[in-house]
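Structures follow.
What follows is a pair of complexes built around chain A, which joins chain B in one and chain C in the other.
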Partner chain A sequence: MSWIGRALPRLEDPSLLKGLGNYVSDHARGAMHAAFVRSTVAAGDILGIERPDEGLVFTGADLDGVGRITAVLHRPDYRAVGQPLLPVDRVVFPGQAVAVVVAADAAAAEDLAEQVFLDIEPVDPILDFDAALAPGARAVHPEAPENVLVEGRMETPGFAEAMAAAHAVVELDLRSGRQSAMPMEPRGGVASYDAATGRVTLVASVQMPHMLRTGIADVLGIPEADLRVVAPDVGGAFGQKMSLFPEYAVLVWLARRLRTRVAWIEDRRENFLASAHSRDQAFTVRGAFAADGELLALEADLRSNVGAYSCYPVTCGVEPLMAFGELPGPYRFAQYKARSRGVTTNTCMMAPYRGVARPMLTFTMERLMEKAALQLGLDAIDVRRRNLITSFPHRSPTGVVYDEGSYLEAMEAAVAHVDIPAFRARQARARGEGRHLGLGVSVFSERTGYGTPVFAQRMMGIVPGYETVDLAMDPSGNVEIRIGASPHGQGLKTSLAQIVSDEIGVTPDKVRVISGDTDATPYGWGTFASRSIVISGGATKLAAEATATKLRKIAAMLMEADEASVTLADGFARVPGTNKAMPIAELARAAYHQSRQLGMPAGIRETGFYDPAGTFSNACHICEVEVDIETGGVRITRFVVVEDAGVVINPMIVDGQIAGGVAQGIGNALLEELIYDEDGNLLTTSLADYLPPTAVEVPDLEIIHMVTISPESITKAKGVGEGGTIGAPAAVINAVADALAPFGVEMNVMPATPERIRAALRNAKVAADA
Partner chain B sequence: MPDKIAITLEVNGKAYPVTVEPRRTLADVLREDCGLTGTHLGCEHGVCGACTVLADGRPVRACLMFGVQAEGKAIRTVEGLADGDELHPLQQAFWENHGLQCGFCTPGFLMLAAGALGENPDMDDEDIRDVLSSNLCRCTGYQNIVKAVRIAAAEMRARRA
Partner chain C sequence: MKPAAFAYLAPKTLADAVAMLDRVQDDGKVLAGGQSLVPAMNFRLARPGALVDLNGVAELAGVTGDSSRGISIGALTRHAAFHAPPFEGPLADLMAKVVRNIAHYPIRQRGTFGGSLSHADPASEWCLVAATLGATMHLSSTAGTRTVPAAEFFQGTFTTALAPNEILVRIDLPPLPAGWRSGFYEFSRRKGDFALAMALAVLRTEGGAIREARLGVGGVSDRPHRLDAVEAFLAGKAPDAATFAEAAEMARGAVRVTADIHASEAFRSDLLGTVVRRALAEAAA
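Take a look at the complex of A and B:
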C-alpha cells in the first residue's frame, strides 16, 4: 500500500508537543545579549550618538570594512539602494537600528540600550506612495530621485483597439492596507564564536539558511567557510524570515569582535517596527468587456509601497513585478497594458508575505468580475465561466505559461456544493428580517514550485530555485536525507519521508530528514513560495529512485533473481511469484560490508537534483457572511474551498496548509492593518492593536479536493502553501459587498474593518439622501 | 541592578530553588532559571498566550506574572503534561488531528485547554472556541485545535467514567 495519500500523523510533532522543541531562544541561555537602539523618528539626519560611560556600545562607525546589504535586479528600471547594517549619516524608517549594545543578559542589555541617546534631526517623512510620487517630492534615497525603485511597463499590440471595441469599460480603484506576516515567534539569532576554528555558528529563526550565510559573508567580507548558519525549529515565518536583516550580520560581527556568544531575541514591538511588512498596494484597473461578459482587455496602474529598502535576496521587485506579471490570474483575455511601480518611502521594508501580490491581484480580478456583472446585467458566475482558462498550456498576455489546471471545474464544484439558489432564498428571507447575508466567490491560480527558469526571467542578481537532496541508507537500513529546503511548520519532513517510503520500501519512521544546517545540508534555497513539496519533493524522489535501483540490483544478486522483478515494500525486497524475500536492512548491510563480493561501489548514497519551471495550483473559495450594519462587524458563517493541488502526499498536512492560509486571508480581509500616523509613528506595535484572527473569527472549512495531474511536477504534487491566503480576502470581501448590495456600497479596501464598513454605509446614506 | 531574591518554585511537582530579580517574569524564570524552555514567549504583553502555564490549576500568562509571585503556587508547564513517555490525551489528540504546525503556540494552547477542561470537563464546541480564543495561532486556522480539544475532552471524560 502506498504511503503517499495517507494522513500520516507528523513525525515532527512528539517533541513539539512535549515542550522539547528547539527554537532559537532556547539557544540563548547563558549567552551575552545584544539589544538594538532604534530610531524613534521615521526620517532624519544623525547628528550624534551619546554613549554611556560604561558598557559595550557599537555604532556604524565601529563597523570597519563592512559593506551594505544590496539586493540586485538586472533591470534598467531598477535602482539598487544599499542598506547599511547601522547607518552613520541618516535614518530612513522608524525603528531602524542605529546602535547595538551587548550585556550579560537580555534585561541588562535593554537597560544599557536605554542609556544610549540618538541625536537625530527629523525631516518630514514620506509615508505613502501618493506623497512619494507627488511632483517635487523629497527623495527618500539619492539613488532614486523619483522614489521609484523598480518599474515594469508593457502594452500588447492590440490593446488600444480592444479597448475601443469594448461594450463597457469597468473601472476599479482598490487598496490593500499594510500587513504583517506576524509569525508567532519573532526574529532572533544566537551567534557563537569558536576559538578553536575561528568560525561563527549563527543559530537563527530563518527560512533560507544558505542564503543567509552567503549574504552575511558578503557583507562582512569573510569566506562562507567561516560561517555556519543553523535554522532550528522555527516558530512560523510566512515569508517574513526569508530576507537578510542587518541584525543578523551585526550579531555575527559582534561574535567575531568579542570572541563570544551573543544572542538577540527581538520582542513583538521590534517585530512590528523593523522586520518586514507587506501588501501596501493600490491597484487601479480598467477592464474592457464585451456585452456577453467576455473580458477583452485590461489596463492596470499598480503601485506598491516597498518601504525604505529593497529586501535581500529577492528584492523589492517581488510584489510589484509579480502583480504586473500575474494580474491576469486565471482569466483568458489577450490584451493588457500595465504599469507597476515599487515606490520607496520612510516606512519599514516590504518583503514577501504568504501570497505575495496575489491576494491583492485576486481581490482585483474578483472584484472586477463582480462589478462587470453588475454593470452588464449578467450573473457574476456566468462572467467567470465566460473568461476562465480551459485549455492548457495557456499563455497569458504577460508570457506566463499555465500548466494543466481545473479553474472552471473547481468553480463549478464549489458552486454546486454551496447551492447558490438556496443561499439566495435564505438571503432574501434574512433581508426581510433586517439581517444582511452575503456570498462571495474567488477563483484564482497559485504559481508554485518554480525554479531557476522562472526566477532567471525576473533578472534577479541572485537566482534561486533548484534543490538538491542527498540520501544515504546506513548499514542498518535506516535512511537519512539531507535537504536544502528549510521547513518551519509545513510538515515537510513527514511528506518527504512518505515519498521516500514509497520508492524504497521502508516505513516513514525509518527516514530521518536533516534540514536547516549549512554544515550538514547541500546548498539550497530554503522554504518559501510554495516550492518545497514540488522541488525538494522532486529531488527526494529522484534520489530515492536511484537508491531503489541500487537496492534492487543488490537484491537481484543476492536472491539470484531478475532485477526488474524485485519489489521493495514493507521493509522487504521480494520476488513476486516466489518465496524469495530479504529484509532491506540486509541489502544495506551487504552494500557496505560485502561490496567486493557484489562488485559494486560500496555503500548507499544517492543525490537528487530538481529545478523545474513550476506548476500552477488552482482553487475556488466561496464564503458566506452576515454583516451587522449597526456595528460593521462581519461574521463568517461558511467557507468552502475547492482546491486542486495535484496529487496530495499527506491530506492532513495539505488541509492544514489550506486552513492556515485561509485564516490569514480572513485576517487580511477583515482585521489586520499596520498603521503609521502622519509623523511616521507606527501605531500598531502590539497584538492589542494589530489583530490577527482568533478561534472565534475563523470558521470550520469545508474542503473539497480535485486532482489534475501536471507533467511539470515529477511527484505529481503541486504546491499548496499560499493558496488559502491568496483567495480568501477576495471571497470574504465579495461576500461583504454582496451583503451590502442593497445599500449601493462598494467594498474596495482591505481590510474591510468595521470602521470602513460603517463609513461606507454612512457615505452611501449621505449620497442617497442628497 | 535590583537585588536578587531567593525563592523556591514548585514546577511540575519538583522544587526549583532559584535566585532571581524581582522584575523577572515567571516566563523568564521558567525558561532561564529552571531550564524549562517549553514555555514560549510570543508577545510579552499578555495577548498571544504562548506562555500560558497553570498556577494552582488555573491558566495564567507567565509573561504577566513575576517569578516571585509564583512562589507557593503549584506551577504546571507543558513539560509536566505527559506521564513519562505516555502523552497526555490533549497531546495525543493534537498529534492525531494535526492541531499544530510550527509548534510555537502549542504549549500555550495545551496548557490553556488543560486548565479549562480542569475547570469544566463538559465544554461544548462553542465553549471550546470561546476559551481557545484567548490564545493566538498563526499556522493552523484553529479548526484542528478545536477538534483536538473536543476529542481529548471526550477521552478524558471516558477515562474518568
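Take a look at the complex of A and C:
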C-alpha cells in the first residue's frame, strides 16, 4: 500500500506540540543582545548621531569595507538601488536601522538604544505611487530620478484592432492596501563567533539559509566558508523571511568584531515597521469583450509600491513583473497591452508574501468577469465558461506556458457543490427580510514548482530554482535525507518521508529529513514560491529511486533472484511468487559491511537533482457572506474550495495549506491594512491595530480535490502553498459585491473594511437605518 | 519590547498599598490585571518607576449585593467573575451579557473591573456600564476614602478623577430590580477587538410604554457618555422602531464622535446611531 495519499500525522508535530520546538529565541540565552536604533522619520538627511558616553554603539561609519545589499536584475529598465546596512547620509523609510547597540540583555540594549540620538533633518516623504509618479516629484533615490525601479511594457500586434472591434469595453480601477505577511514569530538571529576556527554561526529565523550565507558573505567581503547559517524551527515566514535584511549582516559583523555571541530577537513593532511589506498595488484595466462574453483583449496599467529598496535576492521586480506576466490567469485571450511599474517610495521595502501579485491579479480578473457580465447582461459564470482555458499546453499572450489543469472542471464542480439556484432563492428571501447575502466566485491559476528555466527569464542576477537532495541509508536501514529546501511549518519533512517510503519500502518514521543548515545540507534555495513538494520532492524521488535500484541489486544478489523481480515494501525486500524475503535493514548492513563480497561501492548514498520548468495548480473558491449594511460588517457564512494540485502526497497537509492560505486571504480581503499617516508614521504597529483574522472570522472550509496529472512534475504533485491566499480575496470581495448589488455599489478596494463598505453605501445614498 | 527598569512593590493589605503608592506618588503605578498596563510598559509608552501590585490584597476582590439592592464590586474582581454572576436578576443579566464583549477569554481571567475603570480606555465596556448606570467609585489614599460619581470620574482618554496617590478600591452599581431589561450592542472589527461604537440601554416598560430608561454610549469619543436627554425623551414613549430611530438621531446629535484608523467621524456617527437602535431594540424585546 502506498504511503503517498495518506493523511499521515505530521512527523514534525510531536515536538512542536509539546513545547520542545527549537526556535531562534532558544539560542539567545546567555548571549549579548543587540538593539537597533531606528529612524522615526520617513525621509531625511542624517546630520549627526550622538552616542552615550558608555556602551557598545556602532553606526554605519564603523562598518569599514562593508558593502551594500544590492539586488540585481539584468533589465535595461531596472534601477539598482543598494541598501546600506546602516546608512550614514540619509534615511529613506521610517524604522530604518541607523545604529546598533549591544548590551548584556534585551532590556539593557533597549535602554542603551534610547540614549542614542539621531539628528535627522526631515524632508517631505513620498509615500504612495500617486505622489511618487507626480511630475516633478522628488526622487527617493538619485539612481531612479522618476521613482520607477522597474518597468515592464508589452503590446501584442493585434491589440488595437481587437480593442476597436469590441462590443463592450469594461473598465476597472482596483486597489489593494499594504499588508504584512505577519509571521507569528518575527525575525531574529543569534550570531556566534567561534574563536577556534574564526567562523561565525548565524542561527536565524529564515527560509533561505544558503542564500543568506551568500548574501552576507558578499556584503561583508568574507568567504562563505567562514559563515554557517542555521534555520532552526521557524514560526511562520510566508515570504517575509526570504530576503536578506541588514540586521542579519550587522549581527554577523558584530559577532566577528566583538568575538562573542550576539542575539537580536525582533519585536512585533519592528516587524511591522522594518521587516517587509506587501501588496500595495493599483491596477487599472480595460477589457474588450464580444457580445457573447468572449474576452478579446486586455489593457492594463499596473502600479506596485515597492517601498524604499529592492529586496535581495528576488528584487523589487517580483510583484510588478509577475503581475505583468501572469495577469491573464486562467483566461484565454490573445491580445494584451500592459505597463507595469515598480514605484519606489519612503515606505518599508516590499518583499514576497504568499501569493505575490496573484491575489491582486485574481481580484482584477474576477472583478472583470463580474463587471463584464453585468455590462453585457450575461451570467458571470457563463462569462467565465466562455473564457477559461480548456486545452493544454496553453500559451498566454505573455508567453507563459500552462500545463494540464482543470480550470473549467474545477469551477463546474464548485458551482454544482454550492447549488447556486438554491443560494439565489435564499438570497431573495433574505432580502425580503432586510438581510443581505452574497455569493462570490474566484477561479485562478497558481504557478508552482518552477526552477531556473522560469527564473532565468526574469533576468535576475541570482537565478534560483533547482534543488539537490542527498540521501543516505545507514547500516541499520534508517534513511537520512539532506535537503536544500528549508521547510518552516509546511510539514515537508513528512511529505518527503512519504515519497521516500514509497520508493524504498521503509516506513516514514525511519526517514529523517535534515534541512536548514548550510554545514549539513546541499546548496539550495530554501522554501518559497510553492516549490518544495515539486522540486525538493522531485529531487527526493530521484535520490530514492537510485537508492531503490541499489537495494534491489543487493537483494537480488543476496537472495539469488532477478533484480527486476525484487519489490521493496513494509521494510522488506521480497521476490513475489517465492518465499524469498529479507529485511531492508539487512541489505543496508550488507552494503556497508559486505561491500567487497557484493562487489559494489560501499554504503548507500545517492543524490537527486531536479530543476523543472514548473506546473500550474488551479482552484475555484466560492464564498458566501452576509453583509450588515448598517455597520458594514461582513460575516463569511460558507467557503468552498475545489483545488487541483495534482497527486496529493498528504491530504491533511494539503488541506492545512489551503486553510491557512484562505485565512490569510480573508485577512487580505476584509481586515488587514498597514497605514501610514501623511508624515510617514506607521499607525499600525501592534496587533491591536493590524488585524489578521482569528478563528472567529474564518469559517469551516469545504475542500474538494481534483487530480490532473501533469508531465511537468515527476512526483505528479503540484505546489499548493499559495493558492488559498491567491483565490480567497476575490471570492470574498465578489461575495460582498453580490450582497450589495441592489445598491449599485462597486467593491474595488481591498481590504473591504466596514468603513469602506459604509462609505460606498453612503455614497449610494443608503442610510445607516435602511 | 522590554520595559524600562522599575521597582516592584507587593503589599498584602490595602493600608500598605496606599502607603506604598503615597511614597512613590507620580512615579508609581498600580498593577491589577496588567492587561493594558504591561503592554504599555513593554512599548515603553508607560514608564512607571514603581509598580504597586494589588494582587496580594485579598480584601479588594469579590462582589456583594444583588439586583434589587445594587452591587458592590471589589476593584480586583476579575472580568470572568461576571461570566456567571454570583447574584441574580436584571443586573446579573446585564453584566453577563456585557462581559462576553470584553477582549478574549484569557484576558477576562486576568483583567479586573477596577483596573478597567482606572485605566479609562474610551472603548472599555465596564466604563460604559459604570457611566450608564451611575456607579459610585470609592477611592482610597493615606488621607482616607472618598466617593466620586461616575459622571465626574471619567475625564477623558486614560484620564480619571484618581489622584496619583489614590487607589480605586470599590465600585457600587445602583439597584436594577425586576422589571428592568437591558440591551447591549457593540461593533468591533473582530470579535474581542476594541469597540468602534457600543451602546448600553436599560428600560423599564409598563403598559406598552417605556417608563424609565438608562442609555449610554462608548467607544465613540474620549469617554463613555450617559445620554440623559435621550433617556428623558424615551420616558413615556412606545418601545418601537420609530421611537428608537428618533432616539438614535438624538444620540448622534448629542455626542461629538472622534476618528481613528478604523472609523472616520462619518462612519462612527453612523455606527453610533446603529448601536443605540440595536441596544434599545434588544432591551425592549
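The rule is short, and it goes like this: the second predicted complex is superposed on the first by the 765 of 770 C-alpha atoms of A that agree within 3 Å, B and C clash if a C-alpha of one lies under 4 Å from a C-alpha of the other, contacts with A are read in each partner's own complex, and residues count from 1 in each chain.
Assume a residue touches a chain if its C-beta (ideal position, glycine included) is under 8 Å from a C-beta of that chain, and two chains touch if they have at least 3 such contacts.
Because the structure is predicted, anything quoted here is derived from the model rather than measured.
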Worksheet item: Between chain B (first) and chain C (second), which does A:107 come into contact with in this model arrangement: first, second, both, or neither?
Response: both
Worksheet item: So, A:288: does it touch chain B (first), chain C (second), both, or neither?
Response: neither
Worksheet item: Looking at chain A, which partner touches more of its residues: chain C or chain B?
Response: B
Worksheet item: Just chain B (first), just chain C (second), both, or neither: which does A:755 touch?
Response: second
Practice prompt. Pick one for A:16: touches chain B only (first), chain C only (second), both, or neither.
Written response: first
Practice prompt. Considering only the touch criterion stated at the top, classify A:229 as touching first (chain B), second (chain C), both, or neither.
Written response: neither
Worksheet item: After lining up the shared chain so the two structures overlap, which partner does A:267 touch, if you call chain B first and chain C second: first, second, both or neither?
Response: both
Discussion item. Tell me the contact category for A:630 with respect to chain B and chain C: first, second, both or neither.
Written reply: second
Worksheet item: Touch check for A:204: first (chain B), second (chain C), both, or neither?
Response: neither
Discussion item. Going by the contact rule set out at the top, does A:694 touch chain B (first), chain C (second), both, or neither?
Written reply: both
Practice prompt. Take the contacts of chain A with chain B and those with chain C, and give the residues found in both.
Written response: 107, 267-268, 686, 688, 694, 696
Worksheet, complete the sentence: Seen from chain A, its contact residues with chain C in the complex are 106-107, 110-111, 114, 267-269, 630-633, 671, 675, 683-684, 686, 688-689, 691, 693-694, 696-697, 753-755, 758-759, 762, 768-769
Worksheet item: Can you name the residues of chain C that touch chain A in the complex?
Response: 1-5, 39, 43-44, 187, 189-194, 196, 245, 248, 261-264, 266-267, 270-271, 273-274, 277
Worksheet item: Where on chain A does chain B make contact in their complex?
Response: 9-10, 12-14, 16-21, 23, 25-26, 29, 105, 107-108, 182-186, 233-236, 238, 267-268, 488-491, 652-653, 655-656, 659-664, 686-688, 692, 694-696, 698, 700-701, 724
Worksheet item: Where on chain B does chain A make contact in their complex?
Response: 1, 21, 23-24, 31-32, 35-45, 47-48, 50, 77-79, 81-82, 87, 91, 94-96, 98, 100-107, 110, 129-130, 132-146
